[in-house]
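We call the chains A, B, C, D and E, going by the order they appear; numbering starts again at 1 in every chain.
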Amino acid sequence: MRYLYYPGCSAATTGKAYEKSLLAIFRALSLSMDELEDWNCCGATSYMAIDETKAFALAARNLALAEEQGRSSGSGHEIVAPCSACFLVLTKTNQYLRDYPEVRSRIVQALDAAGLTYHGTVTVRHPLDVIVNDIGLERIEKRVTRRLKGMKVACYYGCQMVRPFKTFDHAFYPTSMDRLVKALGADPVDWPLKTRCCGGTLTGTIPEAGLRLNRLLIKDAVKRKADMILTCCPLCQFNLECYQDQIAREYQEKIHCPILYFTQLIGMAFGLGDDELGMSLLFQPPTRFLGKQKGEAAHV
Amino acid sequence: MSKSNGNRPARIGFYVCHCGHNISGTVDVAAVARYAQALPHVVVSREYKYMCSDPGQERIAQDIREHALNRIVVASCSPLLHEHTFRTAVEKGGLNPFFFQMVNIRENVSWVNESPEEATEKAMDLARAAVHRVAFHKALEPKRVPILPDVLVVGGGIAGIHAALTLANAGRKVVLVEREPTIGGHMAMFDKTFPTLDCAACILTPKMSQVKNHPNITLWTYSEVSKVEGYVGNYTITVRRKPRYISEKLCVGCMECIEACIYKEGKFPDEFNAGLSRRKPIYIPFPQATPQVVVIDPQTCIEFKTGKCKKSCLEKCDRDAIDFSQKEVVEEIRVGTVILATGYKTFDAGRLPHYGYGKYDNVYTSLEVERLVNASGPTGGELILRDGRRPKTVGIIHCVGSRDRNTNRWCSRTCCMYSLKLAHLLKEHTDAEVYNFYIDIRAAGKSYEEFYDKLLEENVHFIRGRVAEVTDWTARPSEEGKLVIRVEDTMIGVVRRIPVDMVVLAVGMEPQFDAQEVRRLFNISCSTEGFFLERHPKLAPVDTFTDGVFIAGACQGPKDIPDSVAQAGAAASQALVLIDSGSIELEPNTAYLVEEDCSGCKSCLTICPYHAISHDEARKKASINEALCKGCGTCTATCPSGAIRQNLFEDEEIYSEIRGLLTPMPAEAQGGESC
Amino acid sequence: MLNHGAGVSRPSREWQPRIVAFFCNWCTYTAADLAGVSRLKHASNIRIIRVMCSGRVDPQFVLEAFARGADGVLMGGCHPGDCHYMEGNYKALRRVRLLRRMLRDLGIEEDRFRLEWISASEGEKVRAVVNDMTARVRSLGPLKLPEKFRDWDREIGELEEKVGKMEEKEHVG
Amino acid sequence: MSDKPNIGLYWCASCGGCEESVVDLAEDILLVLERVNIVLWPVAMDFKKKDLEERPDGSILASLVNGAVRTSEQEEMARLIRRKSRHVMAYGSCAHLGGIPGLANQFAREEILQYVYEGSPSTANASRTRPATAIPKNGSSLALPEFHHLVRTLDQVIEVDYYLPGCPPTPRILKEALLALLEGELPPRGAVLAPDVALCEECPRQESKPADMSFTEFRRPHQTVLDPEVCLLAQGIVCLGPATRGGCEAQCIRGHMACTGCFGPTSRVRDQGAKILSGIASSVAADDPEGIDRTLDTLPDPVGTFYRYGLAASLLRARNRPL
Amino acid sequence: MIFRHTDLTRTTKTVPRLIKFEEELDLGFGEEIAAKAYGQKLLSCIQCGTCSATCPLSHYMDFTPRRVIAMVREGFRDEALSTTTIWLCASCYSCTTQCPRNIHITDVMYTLKREAILRGRYPKRYPIPVLARNFFQGVFRTGRNSEARLIIKLYLQTNPLDALRQAVVGMKLFLMGRMSLRQDRIRKIDQLQALLNAVDSGNGKKGGAGK
């Protein structure tokens, strides 16, 4: 199975650790992804508010490039988008192009003007889907060299990976990441907030709303004795991790919870090094736990 | 081309119906009448407000006599609705009823087309086709078949029970087939019934024992229909009777054997108590089960699983009723009519994970609560939750799996009322604060609104809003240890979080799990939702499109007890109408063979699914048994040399209809005054 | 009441495809009734001929319809497994598969001839199929075989007389 | 001699086999000649159009015309014969149904001319000469007949009184028709002078046809070793016998060839091809579209198979195409 | 704040009018918005409130999403476009997924945002449209989004004071290498601009940014 890879704009900055760890575990599984050449911003949700057709056009350019590159290089017609927002926008564009003729005709025209064509053959995938459903938990489990025994993990899916398109898991009670965590030897905590919104860009635009959303997520996870929250989106990770000090200040309470990417946790279980997984890029490295784990690693 | 009825030239009477405004609101009826008047052989052309009314029908009969008409065309509604009506009118006028053709300009035209021009043109096209076709019609004699007087009732819930008793009391022999070990259905599980709050068992169990004891009723529980053959008036039904491993004849229901079972306590989920209690492998579903016969579940019985049980039950039974070697019995019965009352199933609340059913102990379905509040239920009527507590606050969530495009679109009709009833019972049992979360309260039944009124005065909370989630995520210390219901109070326009101890999910009604198989078995249709389809939603609510098969109760759509009983009575009387008429006229649309045209090519033999066609070896020709023919016409379409024909759907008739449809319209509809 | 005067004027209107439909009594015709009862408006181009079963539809009827001026022919039957007569719809399906091939070879586009399974409850599907088929046939343009036959026959003498005779021959009498 | 009734024989678009078949009457032809005057028979004797024109209208008792009508000359002759004859008999499949020439209705006239005068591998026609209706020669103009757009059956051009089916009609069919004509015992006009029951009735293999026919594939005779006794359909060979009039004494079947339908349909059938299609397709074994298609893939040319003789007489008459 | 309270101390002088006259409404507004949101079945809303209850932000909105839908349906155009609701929508799609009538409420919110921008009906310096516009312009110029530049711009344009508050986190990110002022560019920016301009000419309407 070969995939195309769409990093998205945050891969180089806030989501650096995500990209590093994702590529690291792919290497560890001897899988490769070919980066989509000359990809552009997916359009993100902000774009929709200004001009939706242009947002679709931006996404459609990526899809068109992917179709062409996949065909000429043999990388297949599946493109992996790790950022949930990119994943949603590309998926949505794909579906709306299929379902709404008026969207299709306008986008086809615009693509044509730019010398591009798109036939709708590309499938957009999230790496969690690829890992759980294509690679399979059995293979993951086999590759684990350091079972993460005793680690309690709150799996946070956020919104845009599971909604509104029923792509590979339930919109409110997804289980893919929980099953993955189990396969790594850790314990997922049952967490009703796992798909509750982190606030997205509201943390920046309307902090009083955005921070509250973050606070209740972290507090409830901690209350459920989670050692960490696992995320699958750069923005979710950023929101949950980077505002903890600010929350602590504003609400005058202690708040501390490591926020990792699910790919980093896989990497840990695979025994990959901290550097490879971008652990140093975290505000709150799960040091306490890593220490505990290092002692046990030898036994596995 | 020659005309098949060459004796007299056609004299056609054409009638177009306004159907109030239903047709004339879109179709220019007068123009259609004028147009038809100018068609060849049309002698009389009229329009009328309601052709199906007495004066409309009388007009046809009178015109036949006065104008020596020999063919009639009526353009009105669907033939599925009124073809029979008009054929009767034609017959009254002294003509063979099959010299008639109906044009559907309501369902097929005025109701589906908006432009008056297009609708009128279409109506004219269809009228022309019928005028062309009717000229080729032949006189036919309808086939009459006798109706066997016995009736099969499938399903022993309240609808099936009521239908069976009605027929039995009218002196008919009834076989009642029920899948479960006892009759009673869902109603037997209910505690009280709305709006009167009678005890469900008190009104149901006498009827159950009547069924058991009625000389005209043969009751086969733990049995399923496996095959249906034949046609109206003459069905052969195969019923498979599963072994109970207890002789129904010998068992007196003393239940000593249950006591004696080596399992000292119940171990397996009790179906009757919705899984809230445990039963043994040998059990009786509930104390008033009918028949009062014990049953052994081979899935859980040690003897069946290992063959090494000491069988203390066997020793205990002094009537030797227990028989581990009992086998399934296949019975075959012959009946003239069938009533299907196969009921419904409740919506699986697990499909909506955000309501927490199966995840949080204290989330219950309404059916579970019925058992929970019932004196003979798992807790003896005490309201003790799964975690042992008694609830101080209860939330009842309406419309779970109803009115939702993500699950079921329909309203389940009963949930509002039973939720009110449960609210009352819960308050009565626990004095808890009870919240109802509803979208709309639908209390449209006799004394239903009054019941709602009563509940309001009982200080039950009514919050208009559909619940988004039930969660154990707490935002305040006051919510700790509770389930929080998150809902918009749409009356106030604010989102509320309401902590409760117990959540009741008012689950909706769905088609029975095997509705599709039953439908195929009895050759009837289902509506979009999967409930059995009635012949007409208003005029034939208990008939199906298969003659002699009637439907009653919730298998036709969500229904409460009064409606189910009413429908069961209606189905029974429809069956009686058939039985008492002694015979039924069948549509004479059978295939027939013109023997001298047949080459004996055998192309038709495999075509007939009813084996009505055989090859006569001596004459080297095909031979059609018209009694077996059901009139699909597939053989007629197949016969490569045109030797097989079909009454009512002769090649010539259909060709002329096609030709009539497509003959170009004269540029200007001819003048000529319509009568 | 509407009043259109003595005749319905038509020539000014754009070309409208004419689609002849053969619907089985038990499923598709009932579904068409349901579409009516549910007031599901759809294209008015369809003219339904009721037969008991899709198995009754003789391929000759389809050809006759085209030859008489239909621009499209639609057949409707019960879903596989649901035929009121057990398997008439399978017979229909087999004939349709072969007839489509033959029609294709005879220059009649596949979109002009269609078989759909529509159960009694699928009034919505009737609307969708009728609309879709009308749109497809409209985009193919008129078939107009009768006009074509006339054009073809213009090369032989005394066309008028000939046509007159043909019509006389087929007159219902 | 003059008291004997006059008979004409003429051929249009045909292979000549029908002319040949008259000779197949063998010694019976002498009996015929004893009773009639042959006043028109271009293939055998020297007749000019003008001879026919000079005859009074209706002076010929019957003309047997074989061949389909494709050219203006054939049309003109047919009309002339019609005028001069009291009875016109369409003789043979081509006149009756269009016949093999009728298969040309799958192609446009231009396609045919292009292929025959330019495209075919054996054509040497550098100047791309095409037949024309007027060819100037030595100051005057030579007229050639017009090549019509369509092959037509005889009754699509003139009224026909009787039909003698077959490719060619059997001697028995011809003899019986002539006897009926001479004895004045003809059936009502428009009749096909052959039995109105399909061929299976007289087929020697009828009994071997199983009651439960179902096809998984169709075969051509060269693809299989045929059982000489068993129904050909039962062996997967497409045989048009069930949809074709009898009267040919199943000669092809006796020669181990399937019926190709030359006698045309029975009187109840309007379109022979559609009807045999219905009969055969209904018995395909598969009931899913893909399975059905797999079986039908073994029947590559449905038009050529089911309309071997009848395309011109079929409901659609020809492949749909612009003029 | 949940309700728009009337200031009781002043009611004696100015009593707010709470009546709506039919002539003040835009009766086609519901259908107009429905059409712009791909024919969403807005009109089939049964006002059950699921959208509001499932919305993680509804308690910050002046009107719950359900009420906005009611306003749109009934033609309360100006009111609907002036709500904070449409700006608080974080595109989490909970409402869309749970709506029992399958109304794509998130798309409706997008449509309303666009309408509000088009008609200039949003508070000046309101961060969300500003963010959107900056985002839009940045992508048009370079093909990619630079988070750092976007955020800095946003704070400078809306609330410079807040920028200071955020600076701590920002600095930390810069130091870790998780934030950079470098602007990525795609190679074929011409192609991308041609594409976006083609959308404009195809629409015949002006496209917000880039101009």
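Assume a residue touches a chain if its C-beta (ideal position, glycine included) is under 8 Å from a C-beta of that chain, and two chains touch if they have at least 3 such contacts.
Everything quoted here is computed from the prediction, not taken from an experiment.
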*By label order, what chains touch subunit B and subunit C together?*
D
*asked:* Give me the step distance from subunit D to subunit E, shortest route via touching chains only.
replied: 2
_Reference subunit E; chain at largest CA-centroid distance_ = D
_When I count C-beta pairs in contact, which pair ends up with more: A-B or B-E?_
B-E
*Taking each chain's centre as the mean of its Cα atoms, which chain lies farthest from subunit A?*
D
_Centre distance in Å when subunit B and subunit E are each reduced to the mean of their C-alpha atoms_ = 49
*What whole-number Å value describes the gap between the mean CA coordinates of subunit A and subunit C?*
53
_As a quick test, compute the distance in whole Å between the mean CA positions of subunit A and subunit E._
24
*asked:* Centroid of subunit C to centroid of subunit D, CA atoms only: how many Å?
replied: 31
*When you check subunit E against every other chain, which residues touch at least two of them?*
94, 98
*Hunt down the residues of subunit A that sit against at least two other chains at once, touch-wise.*
172
*For subunit C, jot down the residues that touch at least 2 other chains.*
58-60, 64, 87, 91, 95
*Give the pairs of chains that touch; include all such pairs.*
A-B, A-E, B-C, B-D, B-E, C-D
*Would you mind writing out the residues of subunit D in touch with subunit B in their complex?*
196-201, 206-207, 209-214, 241-243, 246, 265-270, 275-276, 278-279, 282-283
*Would you pull the subunit C residues touching subunit D in the complex into a rising list?*
58-60, 62-64, 66-67, 80, 87, 90-91, 93-95, 97-99, 101-102, 105-108, 143, 145, 148-149, 151-153, 155-157, 165
*Flag every residue of subunit C that touches subunit B in the complex, lowest number first.*
1-8, 10-11, 13, 16, 18, 20, 25-27, 29-30, 32-33, 35-37, 39-42, 44, 47-53, 55-61, 64-65, 68-70, 81-82, 84-88, 91, 95, 119-122, 124, 127, 146, 169-173
*subunit A touches which residues of subunit E in the complex?*
38, 56-57, 60, 88, 90-94, 96-98, 104, 106, 110, 113-114, 117, 127-129, 131-133, 135-136, 139, 143-148, 151, 154, 162, 165-166, 168-169, 172-173, 176-180, 184, 186-188, 191-192, 194-199, 201-203, 207-209
*asked:* If we count contacts the way the header does, which residues on subunit D are in touch with subunit C in the complex?
replied: 75, 79, 106, 146, 148-150, 152, 156-157, 159, 269-271, 273-275, 277-278, 280-282, 284, 286-289, 292-293, 296, 299, 301-303, 306, 314-321, 323
